[in-house]
Amino acid sequence: MTEIDTLHILNKAPEHPRSAECLRAIEPGDVLLLIESAVLTLATCSDLQAGITIYALAPDVLARGIAHSTAEASLVDFAAMVELTVQAQKVISW
Amino acid sequence: MGTLMVIDQPPYGTWAGREALDMAFSLAAFDQPVALLFTGAGVNWLRKSQETTGIGQKSVEKNLSAALIFGVEALYADATACARYGLVPDNMVTGVAMAENSAEVIRQHSHIAFAG
Amino acid sequence: MATISLQNYTLVITGAPYSSQAPQTALSFAKAAIAAGHTVDRVFLYGEGVHLASSLSAPPSDEHHWADQWSRFLSDNAISGVACIASALRRGLVNDSEQKRYELPANNIREPFIIAGLGEWVEGSMTSSRVLYFHGGD
Amino acid sequence: MATISLQNYTLVITGAPYSSQAPQTALSFAKAAIAAGHTVDRVFLYGEGVHLASSLSAPPSDEHHWADQWSRFLSDNAISGVACIASALRRGLVNDSEQKRYELPANNIREPFIIAGLGEWVEGSMTSSRVLYFHGGD
Amino acid sequence: MTEIDTLHILNKAPEHPRSAECLRAIEPGDVLLLIESAVLTLATCSDLQAGITIYALAPDVLARGIAHSTAEASLVDFAAMVELTVQAQKVISW
Amino acid sequence: MGTLMVIDQPPYGTWAGREALDMAFSLAAFDQPVALLFTGAGVNWLRKSQETTGIGQKSVEKNLSAALIFGVEALYADATACARYGLVPDNMVTGVAMAENSAEVIRQHSHIAFAG
């Protein structure tokens, strides 16, 4: 993994107002990690802009039964989530 | 007529939906008429193939599949929310009735309770 | 493999067990961090998160017992677990000395969690190389 | 003034004190209902709402003590206050007999609240003329 | 007060997804009562459709400092809130 | 640089904003750089003339008015959210800086913490 400016960790469902705020705040060089209810964003197809690097926590994806809808994101385990927080200059938990 | 439990919160990330299911099953156990309406992010409770071992929670998929057998009168899913989340009969638990207009489903019941 | 950069973490949990996924996500994260050689300096419970420190939680036997799992993880790894005193007292989480001070009928903090002030969080912000928040989902 | 129609209420509280306004809104409503001659059959605490039944809550002295105010209101008006057992056990609210059954170090239910099953809510739904829910705000 | 079909009691801020759901479900003959964070809906000017009967709980309006923005609603106390629940055939707490 | 506490939840209906203020004041008390950003429904914390006696909670208006005195470096308010809620300098507590772009304010701080 290369160095990351800001790692945005989002745990809110797409309906939550903080989800839209998070997606608006992402800049080139940032990375988005979807966890918990936020993995449902991958099932909506439309909420994610192209061109950002997206990861999603695999246990949360599997729990929601959406492993087939995750083309936009790379699935990661907790070890990789730790590594993302190491690589990032700054981490924001939305 | 009867009670409609409305679940609009997503599965596993919050507990409210799970506890609303318990309420519905409890009414059914006492032979009271009850139906469930899933809407918003809550429709994701209805997706097939939920594998929850990795998050340390029990899946509710079996409970939902058995809801009609245990006396819940209907499982309604808001059609707009299902479309938004890519939910179609093929990837949903069986026995779900699509509701084109959930406000109409709400009007048809005399007692409405939300999940938290 | 690039050079290994070892971090020390302060983890802040603001979501309650059996209301949010925050305690379980944070525990899996903490275990993975330790397994990778990093250090967890401190776990700070704030807001609704203080309920994780309850000694009286009794979930059904076929569900995970997050308070028990967290307290064993903290003990096994000698990590400090702190519940914010202001959040805890309002929400009915008290230790022995707060029980006496407020003349309450019992105390209910699970070892090794302790009750302390926001200064513990401030110190974490100043001294840990990473501070991560685990919030509720609604 | 129209003809007076007297109601009997079951109130369901699903929001916790010091996290939501639900307990305070419900208390003001209940007092106004009693003052107007109506009856409150039962108050049922569910989900996060069970924290209202804690005997260990100790808010700062310049803040309202919602658990204390609710328990005094229930006692003064001989109203039944019930915390759902499934919600309560997960969240660390236990009475004397659950303490013994699960071998817990203490109990923390504030009188006159009791712990009972969802059947109490079902009965309220069947017998009260009005069932009102007081939810959390987020 | 005349008889009410359904009394909708809303306690969520306008950003909450349940707020929009509630406003969509209101029919002629229904009444909307705004309490707690939902009184902030009155400060947004735009979220409320014309032609529905709206009440707002006065203590919540005063707490938010928006007593000057409540032209669309009648302020009520808890005694009047009780009376609304008596008049209504059905009460929904959103 | 320093810590930015972000408050996007409305006043009084939830406790998260109140507890985030406590965090900010605590950092300031330890002479750590801290600022507050109010956005979404959270901007309503900044309105003047909050009379909270009727809901049995303490008003935070005085605390906010004193925030700069107690060492909080800035109170930012998201301009779009303020416009949505009819908030203008005249009806807001003093000392608030309008932020036309809150993402930019977030980028300027090294440590971001949300209210719950």
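We just call them A, B, C, D, E and F in the order they show up, numbering each chain from 1.
Convention: contacts are C-beta pairs under 8 Å (C-beta built on N, C-alpha and C of every residue); 3 or more make two chains touch, one makes a residue touch a chain.
Since we're looking at a predicted model, the values are computed, not measured.
Listing every chain that touches subunit D and subunit E alike gives B, F. Because subunit C and subunit D share one sequence, their contact can be compared position by position; here over half of the interface residue numbers appear on both sides. Distance between subunit B and subunit E, defined via averaged C-alpha coordinates, is recorded as 27 Å. With each centre defined as the average position of its C-alpha atoms, the distance from subunit B to subunit C rounds to 33 Å. Distance between subunit A and subunit D, defined via averaged C-alpha coordinates, is recorded as 39 Å.
Look at where the CA atoms of subunit C average out and do the same for subunit F: the two points lie 26 Å apart.
Within subunit C, residues 18-19, 21, 25, 47-48, 63, 86, 131, 133, 135-138 each touch two or more of the remaining chains.
Residues of subunit E in contact with two or more other chains: 11, 13, 15-17, 36-37, 59, 93-94.
Looking at subunit F, residues 9-10, 12-16, 40-41, 55, 57, 111, 114 sit in touch with two or more other chains. Of all the residues in subunit A, the ones that touch subunit F in their complex are 6, 17-18, 21, 24-25, 27, 90, 92-94. On the side of subunit D, the complex with subunit B involves touching residues 12, 14-15, 46-48, 86-87, 117-119, 121-122, 125-126, 131, 133, 135-136. On the subunit A side of its complex with subunit B, the touching residues are 11, 13-15, 36-37, 40, 43-45, 58-60, 62-66, 69. Those residues of subunit D that touch subunit E in the complex are listed here as 5, 7, 9, 21-22, 25, 28-29, 31-33, 35-36, 38, 130-135, 137-138. The residues of subunit F lying in touch with subunit E in their complex are 9-14, 40-41, 44, 47-55, 57, 59, 61, 84-86, 91.
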